[in-house]
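Two complexes, one shared chain (chain A), two partners (chain B, chain C).
Moving on, here comes the complex of A and B:
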């Protein structure tokens, strides 16, 4: 069938015409949408300005003015801080220097998806970090001194003479953020209005913490097993009493934080939960995908796998919050942060040791990590790595044998070559950054001769000439050979094992390296089915040795005293430390404990790790907190 | 055709049940427990000293909520007698001191998991004056937990008034017995009093632990993890995540947008390239060009995608040497102020590299299929006829030969359905795209059984359906095949 030329032409022209019209249409719709979006954005800004009651010009900082953008300090706070009975003292370090600039978006990263933002039930390090910016606690450590406390929500903290009762007075100028719900449609109208932070919110937090149904609060709850009573005496006074005084209670009270009862005690339509189920409802609360607090930043968005967004709370009375927004990209692949530092998508990020090797130690000369395009720094966290010796095994029951192991462990070489020098040798059961760490002790030197001598002294010698030392125990010949369990996903630890193995062979000890996946490793360690294992402990500034070192924990299934350390003198020191409130005496006790463990060597203490951090030039006043979260953006400001 | 389809669909049910059984068993017997310590992932195996303390009561509640206290497949706990219970209690007490820590951990789990099934055994011990007080005191302490009724209604979202009353009743009954325990040092009077309390309570509730044959059969088959899971599954309830206690199905759906975009574009790209390529190489069969193309495709085929992904990321995103594509993600961080066109452009820019990585390997396979498919028909009579009647070569190949030759290729499409939804674990993890693949990966890491089950079951259901569609489509496309 033949078509006429004209008909084809007409058909073709019509098609082309339609195509052009569609293009035009798409273009028009798109620009209309852009206008609409811009308008909505402006309305948002306007609404926020209205809410804050602030129409300040672009140059001036918004919000109340006091210190570095905090409100002027109320008189009652000033008076209280001069009271010698107040546990709080004035911290003269500010978050921000006086010339800091406000505004901008700070881009940081997060390594995982937080499970939710209920501060009480989620205790992952990631959630605690967000909590540090969104919510507030009763008080905190001084910024540059972890032996002193600065006030936050509370301004006065009194501990009774018998050390059992803590009375806390709260400031009257803290308000809960507006909940992050969809206000359209009126469903959440019952949440409207301003809500002051009161002692009742603290009481509610403790109530929920002590509720058995709130499984997520269990780790915290175990610190409050001596709790006798707690109550909000009035709107701004809270009292908590313990049956027996313990030092750790002080730290726990300092870390208490309010939870907004007006939100968490109610279901989605504003009906209060029944007392029988409130614990379970609180644990699985409908608001958990969002966070709320009264802190320097407001929680505004969380998209799993994508980002978390915080916005500056201009009404925060203590200031110290320069960037207008903080956006945390969620980067689960650890290889992403260095790439994003290169492209400028991240303002600041810590990097892994392997990346430090690739980018800095072995990097090209024009790598931004080396050529000064990125600034570099580091922080120390409260951790220490160790090799634990199971004292219930005949090989390690004698301290001389354990000392011999420490002398055969080439820690300096391993730290410098395998762990790239990112740390400091540690000699006892505390991170080296611990204020009570005893610096007078020298690490065990790498000395194979001395190790040999110690083994001989302990009765281990090669009687049958097979190259491996042995000893007759209860009529049975035992060979000095053992398995070292290491974390299998870590190449570094396999290397540690292999180097150690070679050195041990030189002193007549046979060791095999057994790499294990994390779940299996924990199972073996919990069941005490190991000879030796490499692990690490992470802690905070206060010392509390009971869980890991007290003999009562040695026979507890799944207990943390997994090496079976039983020492009467150590028990005495641990118990004394628990009830000693005087800091000078605590320091002495901690030093005595450190020296005792240095002698006993239940672990071969290895090192405390530091972390390398890189950041862009436009980021100012970068320093790291002494306590977690170490990377705390509150001192940072952009530009200038 | 209808009977065939019906038969296949009916067969799918036992197949699906068998698949779910296998996944369930493997998952439940794999080392590691949900709610236990998650992977630290920081290379050294660091543990937080402040959170490793005993948290038994909370863990017990957690196990209860997710039926982790039940046996996996069969339940014989109705038969628990004094001997077994006593054996377990003795392991916990460890009087002789020679019980291994592993056995003690196990014993603690055991007695906890037995729940109310252990009550008769515990009662027999507590009522036995001859037994040591240490043993009896432990029995009394265990009873205060094991005697409790599981208040399962509190895990449900909506409660009716009746449910509320029941929750209250159970809470009251549980509270009552919570304090009925004594220690090994208490005097005889206290011991007698508490024992009397328990005896009274035992007679009152005796019907709760007297089982008839039908009860036993019911318990044997249905009071198990697997039966409970299937009971929920039959109502299309995939359960809630262990991690954040949110419905798993809802989370899976929220991941679909990412995975479908990726896989759909990948499939489109694969077909768009491999069909013409296959046809071209079948025409040029055995020429040098054909051989070169084949070699190159097989080289691509054997390149692992994680390697190519990282290579491309380092080459094309870091700015040294090039910064043509974004470093990760499915879209920019803030898309709220984008218009639809801008958004499409943004997503397109982000997914280019993942799509390339997810496609190149399949090119080899599919274009070889296309090549063989066409070679099979190109020598048939009707193609020769078409040539004989003087049609141009292009028309012969494209209109006559390709139509028939591509039938096997089109049916392959149906078998791609599961990957379309399942996503690619490697690609999604490396490119930081929060789709189904990365969800599966993370869920496995934290032993989130319900999430892993949901993702795997949905993929296997899709595989089954895909295979059925693929078989049926043969008949649809090719009239010579029938299933009558």
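Moving on, here comes the complex of A and C:
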């Protein structure tokens, strides 16, 4: 008994001893790790400081200084802006109020995992948002007036009298960011040093854009099919000439941006690519997982599925960027942003209609979305939603059948109940916010009787009594039944399908809703393997109908005229619009086009969406621009 | 049927293995009542059109009586999904079949035949019934019948308004089912909360949730039964071959099982759905069936290993029965116990998997599946779209699991009470 007790006592104390030792061990490791981390951090900052020092000393005393208010405007810019031949004019909109606070981290959201950040080959709307902060373009629209242009990289833009030649003069105080590579080991030493943004970089961008090997630039390339020549005359002058003058060329030149030749023309060890392969190499360049630019923010980190981080470029000569860092959390689940807004993890985010219903329309009174803890706003954008009818299918080749579809589409109900009134009915191929939009046309009314009459008129009637209309075409009986392709991951579009299906059934048309995931849907639509599809177009302020409506695009593989719309009159208007520079005449032409498409109904035009945005109160100076990216965080500042 | 169980002195001599299992099963009250619950769900699925349908039983608009409800049962414009046609056929044939079965039973009893031949006879006759039913079903599906999609309720309303306005005098005489609309009928107020008119509210596509859940029972049960039927068949065949022949056959089949098991089924389904232009729920059943048979095959193989050396097998072989007869008539019936249990749990699994797919937005939109409603609830944040289908899934899966558990205990000689 005694012995047993002693034994267990010893055993117990050994156990306690072990436990204490373990604790001690854990504590020691922990503190050692902490020390190590601290040291690493210190070394990191030291390294950074050294590198920055290098940069500063190399660029010399006259090099860029930037800061939140930007560098002083060089005299040549001031002089150039008073030149009446300059397409650029000074934008006097107050960008950042004088009391704006500097610093802080701005937390935003990113809706998908980008494949890369090569601006030329990645065309997603999300990536273009990052591009707007990291890189710069030749110029931009005025903040509140899309008919005027302000200078960014360029300061002088001259268009020759025959409107074919554009001559652009670049500022001399833009520098490329330091590439985001692992500098340790000296592997990337060949990238060191300062690199000024020159006309040569602009030339390189156009070269790559026009290079057929760069498949990702194909959409952009199609706008430059009239390109005659382009060259960098000297380091800071760039000239681009077109064969025929067209209105859209102005906008395209304005949107050109430099791509750093010192980086993209070289392989990982600093060997220049051979001219025959450079396009292919550029398309999947080793640097593509990172982004580079000369804009207000430096691309510092991309962790797939987690975050994208940008850091303020203190040497950006135009200034106007207050937050020190911008962190984009990658949130693929659409339900995440409202939750993160509630917890304060996001500073600002747009929310989906479904969330708008749950949080605002039906939310509790003390929900931060309603009690003023979050600020609310909205922006309109250049978009329109539609249901497209494939005119190459027998069902939709007749315009009366398409008109019947539009009459059977209960757009008002869908817009008000399903899309919560967050938009405006649209009647033609332009967003309702487009200045040329013809407001004299009334939307097609929901009228099943009229739809029936139109179908009868077009020769579709139920001859065999099976409840579905049919028509004999070339001796073959065709049933009026079709599939509507919708985006499967969004319930709103499935709802559109479900409700439309029931209304069509009432007029003797059978429709199946085929939900598809995005990649598959785009493949089907590009291959024209669809009867009908509901999608949206997003555009910029200038009207350009060629891509979507010109008959020459109807037979192009992967072309945007997916519905096979071929109309001689429409072609004539499109061509006239392209070369017309007079605003009043352009407006007239656009109205004529609008009326023509209203009559033809190649699409059932649905609505133009506005987006609700919520942001934390600590975020100041929030406003949105009409052009993409709408949520432009540069003028925002935190606190104060 | 042979009896591989230890004979109990108290057991009457003509009790078969099935009788014993049934008696044991009945002793587990929870499992027993769960079985009744499932039967209730099944009946609910069959009689759904009697409870809710937009087609009136009788309709007289002044031009003679019509019976749209009856013709609608096989109308492919109204019931687009073959699952619905199947259940409607069951509904139509339920009365005659039940009557026939009772009549035959009585007849047999009157003849005073002894138990065994009676059993065999019932088995044969039920086989004929099922076969006949399937032939009829294929016939109905092969001759698509459609009629105009008339909105009877709207017509009646319109006439009532006309009468009020004095334009017409005689109202339409019509008898509707208790709930006078279909699961696909749109036009109610979007996302309306539960009320007296809509017990479980309205979904985002302006349809009544209660009716959708009712018809969803059909979808869930069919998916469960057919998918499991497919994989149990595959599993039994491969499993018995592997177990009986062992050696090389066994090695090949075992490796095949391992290969199939290493592929995650959800991912196969997602990939397959991406290829199909329009997913029908039959595709989903087929895929579930094709990826989940491995468990059953292993169970059967194990049972065969156990039974292969027993005396009744040896004697069957010695009597010169062909191999297929030994496998499928002698060994297999004795190896079925564990398979039945696995199948019951499998039905629950398949129902959950279908809900998952619908939830991910890849289901069949013409089928009012529970997962779809759940998914709408998730994205729109409407609680009434989450609770009701969630509860329906929970109830069905629980009932199936309880029955499976009861069956497992009843089949286990060691658990016998």
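Here is the rule we use: the second predicted complex is superposed on the first by the 417 of 640 C-alpha atoms of A that agree within 3 Å, B and C clash if a C-alpha of one lies under 4 Å from a C-alpha of the other, contacts with A are read in each partner's own complex, and residues count from 1 in each chain.
In the analysis below, contacts are C-beta pairs under 8 Å (C-beta built on N, C-alpha and C of every residue); 3 or more make two chains touch, one makes a residue touch a chain.
Note that the coordinates shown come from a computational prediction; the quantities given were computed from them, not determined experimentally.
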Of the two partner chains, chain B (first) and chain C (second), which one does A:347 touch, if any: first, second, both, or neither?
neither
In the superposed arrangement, which partner chain does A:177 touch: chain B (first), chain C (second), both, or neither?
neither
Could you let me know whether more residues of chain A are touched by chain B or by chain C?
B
Which of chain B and chain C A:520 touches, first, second, both or neither:
both
Output check: A:315 vs chain B and chain C. Expected answer is one of first, second, both, neither. What do you get?
neither
After lining up the shared chain so the two structures overlap, which partner does A:548 touch, if you call chain B first and chain C second: first, second, both or neither?
first
Touching partner for A:467 - first (chain B), second (chain C), both, neither:
second
Tell me the contact category for A:536 with respect to chain B and chain C: first, second, both or neither.
first
Output check: A:499 vs chain B and chain C. Expected answer is one of first, second, both, neither. What do you get?
second
Figure out whether A:510 sits in contact with chain B (first) or chain C (second), or with both, or with neither.
second
Where chain B and chain C land on the same part of chain A: residues 335, 489-490, 492, 517, 519-520
In the complex formed with chain A, which residues of chain B make contact?
31-33, 36-37, 39-41, 43-55, 57-59, 61-62, 94, 100-102, 104-105, 108, 154-155, 159, 164, 167-168, 171, 243-246, 254, 310, 313-314, 317-320, 323, 327-331, 333-334, 337-342, 429-430, 432-434, 438, 442, 447
Within their complex, chain A touches chain C through residues 334-335, 354-355, 357-359, 362, 417-418, 462, 465-468, 483, 488-492, 494-495, 497-499, 501-503, 505-506, 508, 510, 512-517, 519-520, 524
Which stretch or stretches of chain A touch chain B in the complex?
26, 29-30, 33-34, 37-38, 41, 107, 111, 113, 115-116, 123, 125, 212-219, 222, 274, 276-277, 280, 283-284, 288-289, 304-307, 327, 329-333, 335-336, 339-340, 342-343, 345, 352-353, 366-368, 383, 385, 487, 489-490, 492-493, 517-523, 526-529, 534-540, 547-548, 555-558, 560, 609
Seen from chain C, its contact residues with chain A in the complex are 75, 77, 144-149, 151, 184-187, 189-191, 204-207, 274, 277-278, 360-362, 365-366, 375-376, 378-382
